[in-house]
Amino acid sequence: MEKIVTFGEILLRLSTERHLRYSQADTFKATYGGGEFNVAVSLANYGLNAEFVTRIPNNDIGQCAINEMRKLNVANHNVLREGDRIGIYFLETGSSTRASNVVYDRANSAMATLEKGMLNWREILKDATWFHWSGITPALSESAAEACMEAIEVAHEMGITISTDLNYRSKLWKYGKTPKEVMPKMLQYSNVILGDIDTANFMLGVPDVNPDYKNLESLPALYDNLFKLCPNLKYAATTLRYSISASYQRIGGILYDGETVYNADVQDVTPVVDRVGSGDAFMGGLIYGLNEKPLNKQRALNFAVAACCLKHTIAGDYNLVTKEEIEKLIGGDFSGKVSR
Amino acid sequence: MEKIVTFGEILLRLSTERHLRYSQADTFKATYGGGEFNVAVSLANYGLNAEFVTRIPNNDIGQCAINEMRKLNVANHNVLREGDRIGIYFLETGSSTRASNVVYDRANSAMATLEKGMLNWREILKDATWFHWSGITPALSESAAEACMEAIEVAHEMGITISTDLNYRSKLWKYGKTPKEVMPKMLQYSNVILGDIDTANFMLGVPDVNPDYKNLESLPALYDNLFKLCPNLKYAATTLRYSISASYQRIGGILYDGETVYNADVQDVTPVVDRVGSGDAFMGGLIYGLNEKPLNKQRALNFAVAACCLKHTIAGDYNLVTKEEIEKLIGGDFSGKVSR
Amino acid sequence: MEKIVTFGEILLRLSTERHLRYSQADTFKATYGGGEFNVAVSLANYGLNAEFVTRIPNNDIGQCAINEMRKLNVANHNVLREGDRIGIYFLETGSSTRASNVVYDRANSAMATLEKGMLNWREILKDATWFHWSGITPALSESAAEACMEAIEVAHEMGITISTDLNYRSKLWKYGKTPKEVMPKMLQYSNVILGDIDTANFMLGVPDVNPDYKNLESLPALYDNLFKLCPNLKYAATTLRYSISASYQRIGGILYDGETVYNADVQDVTPVVDRVGSGDAFMGGLIYGLNEKPLNKQRALNFAVAACCLKHTIAGDYNLVTKEEIEKLIGGDFSGKVSR
Amino acid sequence: MEKIVTFGEILLRLSTERHLRYSQADTFKATYGGGEFNVAVSLANYGLNAEFVTRIPNNDIGQCAINEMRKLNVANHNVLREGDRIGIYFLETGSSTRASNVVYDRANSAMATLEKGMLNWREILKDATWFHWSGITPALSESAAEACMEAIEVAHEMGITISTDLNYRSKLWKYGKTPKEVMPKMLQYSNVILGDIDTANFMLGVPDVNPDYKNLESLPALYDNLFKLCPNLKYAATTLRYSISASYQRIGGILYDGETVYNADVQDVTPVVDRVGSGDAFMGGLIYGLNEKPLNKQRALNFAVAACCLKHTIAGDYNLVTKEEIEKLIGGDFSGKVSR
Amino acid sequence: MEKIVTFGEILLRLSTERHLRYSQADTFKATYGGGEFNVAVSLANYGLNAEFVTRIPNNDIGQCAINEMRKLNVANHNVLREGDRIGIYFLETGSSTRASNVVYDRANSAMATLEKGMLNWREILKDATWFHWSGITPALSESAAEACMEAIEVAHEMGITISTDLNYRSKLWKYGKTPKEVMPKMLQYSNVILGDIDTANFMLGVPDVNPDYKNLESLPALYDNLFKLCPNLKYAATTLRYSISASYQRIGGILYDGETVYNADVQDVTPVVDRVGSGDAFMGGLIYGLNEKPLNKQRALNFAVAACCLKHTIAGDYNLVTKEEIEKLIGGDFSGKVSR
Amino acid sequence: MEKIVTFGEILLRLSTERHLRYSQADTFKATYGGGEFNVAVSLANYGLNAEFVTRIPNNDIGQCAINEMRKLNVANHNVLREGDRIGIYFLETGSSTRASNVVYDRANSAMATLEKGMLNWREILKDATWFHWSGITPALSESAAEACMEAIEVAHEMGITISTDLNYRSKLWKYGKTPKEVMPKMLQYSNVILGDIDTANFMLGVPDVNPDYKNLESLPALYDNLFKLCPNLKYAATTLRYSISASYQRIGGILYDGETVYNADVQDVTPVVDRVGSGDAFMGGLIYGLNEKPLNKQRALNFAVAACCLKHTIAGDYNLVTKEEIEKLIGGDFSGKVSR
């Protein structure tokens, strides 16, 4: 079976319940999450052999994160148990006209203080066929960026497929470097990139192109810079998200392989239970789809879009759905009929 | 006052809360429900004299079901307290594109092991004017089907009106007989049948007719087989349900008395709080409407549709609404203005 | 800084959670609220110096109300701690076609038994620039109406701006007087009135005019009686509310200054988390807007409408939003994008 | 079967959970209770035919109280559905050195405004063999005291056994009369009285005797005044309660029939889950015991004490235990071994 | 590392919370447990390589049990995913004088319908050093008893150490055979047996000896029958439990190796959070202790007793404690000082 | 009124509920606390004018801490709103033999990164009569220790009484200095010190004296070093705590004024609801007592001990009790009788 390694930070997620504001909450729902871990959970859910690599403190809260990985069937043998603290993010879930609101408390986390050389990537990636990282890790700290670059280089040398979710977070990138100083050299090894075209351009330091994703024919030219500056790139994908309100999202997607633009119909999702992690659900669905044999690019995209839609209906960061549930949506059944 | 007896299984309902998936839940909301019991609750709620007949184990969990009947004002003097276990169903409530998901654990329940002769129907039905059963009971086991047939025959002999909700559940019917081997002889005594035309045809073993419920004029011919094979039939009704998603339902209804097709406008229900039991709410509303004096068939149907709409807004199996709330909807007020 | 005094009753609010009906609930969420207090909370939230004046019993439950005022940064030095009980209201939150349902238990509350002379208004209003009351206080009891009239007269003599929310509640007004016997003399001092034109006419004892708020040009004539009978009136405002269902509201607003009709676009709010207090949120937004310097009447109205929209997304009586969140809506961003 | 009528107020009980103080609670557990109703629940639980008579408002909260009576199998056909409000009591449950703390909000309740003549006692008591009232009802208001006196007189005339729990509550009795002005004429008809000797003396207006309940031989003389002033008295009983702390109670009891003093061993109860209603549990156990045939006075007392002990382990006002559980304690098994 | 296989049923555990009675609960806490599984959890917790073998239905509830095993680090590769239902037990947690109350609903579970030959024990036990079973499995059904016997025989042939907890449950053993017809031939292969001497005698069909565990010198003679009838027996252990009440337990233990009686001091545990699974915690501690090198029998017993004590403080079936926490108790520190 | 300033860190406290272990919890109760803040809450509760000085980030979580201060009536005008994060502590509440378990996550908090000069102490302490700090602040970081020293020096110069709780936390003090390098110069200005004698000796770098607090006559000599090395010291106090288990504490206290040893009787507290903050409750009670006029040293100590006892019965860090409740305990009533 394919073994897919994802690498990043796992965070303790403390969210208010039932759309309460922070100032109203006297309990927090405590779960775990983080972009790259969420991808691993999706893959494990679809039956792939998924492993997550990170650094977590050797205390009781860190142990809870390990227990969660085990429960979710994500391998954790290469997780470093050291460092001072687990990163935390607080989440207040919005509704209708009110946006959700994230407060990050991830500075000085075990992952942010990870350094190059702490992980033995040749060992870790021995049987791996795919390596996934995202733009969050280089946003955490300079040492995390370097540690990520180390992993990318090893993966590339070992001939492993590399995927990247650009995941730009403006509340991060506080350590003195900008994305365009850090990301281009990292992205050059990516074989699959997920993100908005202009987010990619911003990270690569090239001008905005203002894409109109409804005009499919215009897209190849607009993906151009990305393919030029990332010489290993085979697939660029973009989640299309039309936010009508915090509770009503319309979701579609684009996949471009350098030749053909694949397009998936936009689907309504309302009401939204939890939209955090829906981009990771897309990424997870896409990796799964691109690993199917025989490869069907349109189906891979459809799988990613359906996975993304379903994620919005599930509380927490992870996309806890089965392949069968995704197939039903791909097959066109959005009726939500009770199965009994 | 009219005394209406409904007969079937009452189940312990264990549902996840706040749209959690089974794998996320560490508590279950514990209530009770079941198609025929839900009908009795509706009728008690509207002020009729409702009694429920079933078989429940003589243990603490069975006693909780009895307490629930008492609380809901449904008479329980003829409930048998014996058998090994109460049937259980697990429910994971979906949202938007994700369907709700029922897991049945009702094999070997006290009701599934009920046998002909255990209940003294002549005594039970002494003052009754109406007897209601559904297609769930004959789906449980051969002995339950026989016990149900016994009740039907007594009710028919005593001249009591008999109503039936077809309630086809594909996850049941596991004991070796198919609906068409069992249902035709049971349905022959029904005076009122609720169900989709093709569900009826399937149970009666006749071909599908693929009804278009928007084409009212075509319907009498399509209800034909049902009226032919069920010689006591006076009313056939169908709940119209357009599932846009698990959270958005559009509800209407058809009532046919062998001569005229009555039709109720389709109403939007969004977001759905809990759709389980909404068919039973329709059935309960219809029985209530058909018992009003003077009889107004259009109003009976409207009452059933409004009851069904309101049920979607209420957690749990039962339609805990007042006649006044239903009247407001029948009168066209869907505004949901706060009463204060 | 502007010091704004609001005067009325603060109630213990006991609401069922997750749309449960009263008969299903075995816990109540316990918070506090009340029209005029909710206005004070909004103003404190926007950074104004807000004080609430009321009468609360000197027991543990009364103390909880005081704690709440402190937490919400609403001054409480002039609250009388005496009387027998705090008023209570029960709330069952509806959904879709089912309306929310309020049960009042506020008779004989400390506020309803407040009498003229108990509060030293000259002292209380010493540094105040604005005094706000609503039609709820005169609806409670004859003595509360008299106590309110006393405050109004002092405020008027001291040259303080007076605003009034008409807030007609048919379940109150049980003490033997009708609004038109009580309200006209009280409203004559109001400088700002919020309410539907025909509600004002009803309270003033003049005939209905059946306003069509979409026909802006017709409105000045329809506001005529209000301006005639309330000689101090400078602004009349009306919240426009189109209730599609309990879960789907469309909100706009009108502000008329005797010369120009200002109109704010109607906005969709769906799903509604809690609509109680949304009128108070409008009032709070309007007072804030009318206190901004320089005064921009259109912006004041827009602020009120946006505040009202956001309130629907927040559980409880208060509009716990920041100015920044309101600005985002005024600026046209309803997308609910996660801030991270 | 014996039909026992109890008469008093049923209250909405709003309690904080998990020993939270009022100022920490944002939910209240909502149940029902009240001394005389709690007695009825005990009796229904032991299989007697119990009916509760009271007055409750005809609103949704009143209906919840009716539902509760039904659930608990206490007959309610003679409950008046009128009046303005249901009485409320707030409860903060203490622990160890911190006492529980009750806030009453029962003034002007439907029961407090009950008047003589509203209830047809001859009809209500037709088949009754026992009538129970307590010192709470005459403490509510003058009209409630008169209504209670009316019931007592009818019961006495009809030859029905009358029991009374003295239940002195210093936070009540606020309407201008003292117990000794009201109680003596009411107690003269009682056949069974439960209470501390000096509480009885206080209510009867005679001097304290400072009983030492461990000195059994001294007790007949001390019960003397009670028997003299209550000429119908057959049994006087006293719950012995040694409060080590809010969490640790030691419970015993005394029963005196005018000749013999019966004494039950003191039992440890720790930790206490909820001590409210434990006196009512004693009363309920005693009435049950005195109705057993053949009568065994020592057993009746033991039953009352064991019932009282068990009540401390149950949340809420009612003693939800079975006769079998009480028998186990009477038999000396306090081990709390898991039944499996 | 030692690989220890435990074999038995894993149950869905539905318990009321906060000492509520069944009739008061409208939610159940849903966890998992079962004697032999609980032992595996203890062992995994102490760092041993633990595997659990059972049969679970291939539905969503069964999957939750698998997730739980993963979370708890208990290997599950040999779990059969088939059969109709997972066994369930309901638990009402008592307090003080009120006992906890278990309702079993485990008939026809996947484990109860397991048959000899379904599991390939030679494969399963390949690397195992220890095999643990309990008296619950043969109590479920005849086929489960046979399937257990098959496992025992293979384990014995493979030279694996076999431990057994007698675990007599009177509410099971309903299939027509008594323990003494089934257990003797199964116990003959046991190397370690945990249980009361007279429970062993009952299962072996020999007379009671009424042991006085405080008289240590008398014990060797009393363990005599057990050692005679179980020729492979090396260790017999007994948990000493003095139940003062449901909330107060005093725990000690005895270990006898055929020569020496080891005795551990009795420790107070009060208040008890959850005593279910405390016997399994003893068993788990004993197996761990007997696997330590070098072997220290007194320490093995002390470890078992301390583990058992700690289990009483933890909600749920499992003993979620660390070796360090147990060491602290063995070292004599029961102070419960906050670690900070 | 006395104005008392306390200075230290306020932490977000995330605790598991109902004695759950971290690995079992999927929600955390979110409150606030911290030694010096807890003291301020006690003082505000007793009616003193209490102010808390700290540094909190200017984000939504920091705002919640401010709201909490307001709710608790602790002045916050001098709180700095800057820095990166609020300190966090996780708490797992033990029971019986299992200890509570704290995980700190307070490195790099706004308070830990406070620097000398950031706060204008002359302004802050203008009207203050008392300044309180504890050994936690110098344990956080070198800059926090310096900032604390700055405050102490200003307070001393301004002639303000200074109290100190030694509060040794071994999990802190990680920045490279030991208590004895930092504390002696800080403690030299203290007028009141709370702590164990040997903790003081450890911090002052003098040898242990192994005090026997039951031998009152021996104590003056043992307090000797403390009084010698802290020339401003007037009162040394020690909380006596005998931990029988995590659920059972026995609490007493010693107060020594350099001449007389005052001693308060040891009281039982069982079961413990939450012992965190009980030392702060002692400190708060002592400061209150020492501020009473006329001063009664024995009563001051008794007040501190009673406050400490009551704190154990209250969830969370703060001692939410009234003076009246403390008086009741001082008066000897530990019965926990319901107040009604």
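The letters A, B, C, D, E and F name the chains in turn, as written, and every chain counts its residues from 1.
Please note the rule applied: contacts are C-beta pairs under 8 Å (C-beta built on N, C-alpha and C of every residue); 3 or more make two chains touch, one makes a residue touch a chain.
Remember, it's a predicted structure, so these values are computed and weren't measured experimentally.
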| item | value |
| --- | --- |
| Steps needed, at minimum, to go from subunit A to subunit C via contacts | 1 |
| Homomeric contact subunit A-subunit B: same or different residue positions, threshold half | different |
| Separation of mean Cα positions, subunit F and subunit A [Å, integer] | 45 |
| Averaged-CA centre spacing for the pair subunit F and subunit B, given as whole angstrom | 63 |
| Contacts with two or more other chains, residues of subunit D listed in rising order | 17-18, 23, 26, 67, 101, 271 |
| Subunit D-touching residues of subunit F, taken from the complex the two chains share | 17-18, 267-273, 309-310, 312-316, 320-321, 325, 328-329, 334-340 |
| Residues of subunit F that touch subunit A when the two form their complex | 14, 22-23, 25-31, 59-61, 63-64, 67, 84-85, 88, 90, 92, 101, 103, 105, 107-108 |
| Residues on subunit B engaged by subunit A in the complex (per definition of touch) | 18-21, 23-24, 89, 94-102, 104, 169-171, 243-248, 271, 275-276 |
| Residues on subunit F engaged by subunit C in the complex (per definition of touch) | 67-68, 70-73 |
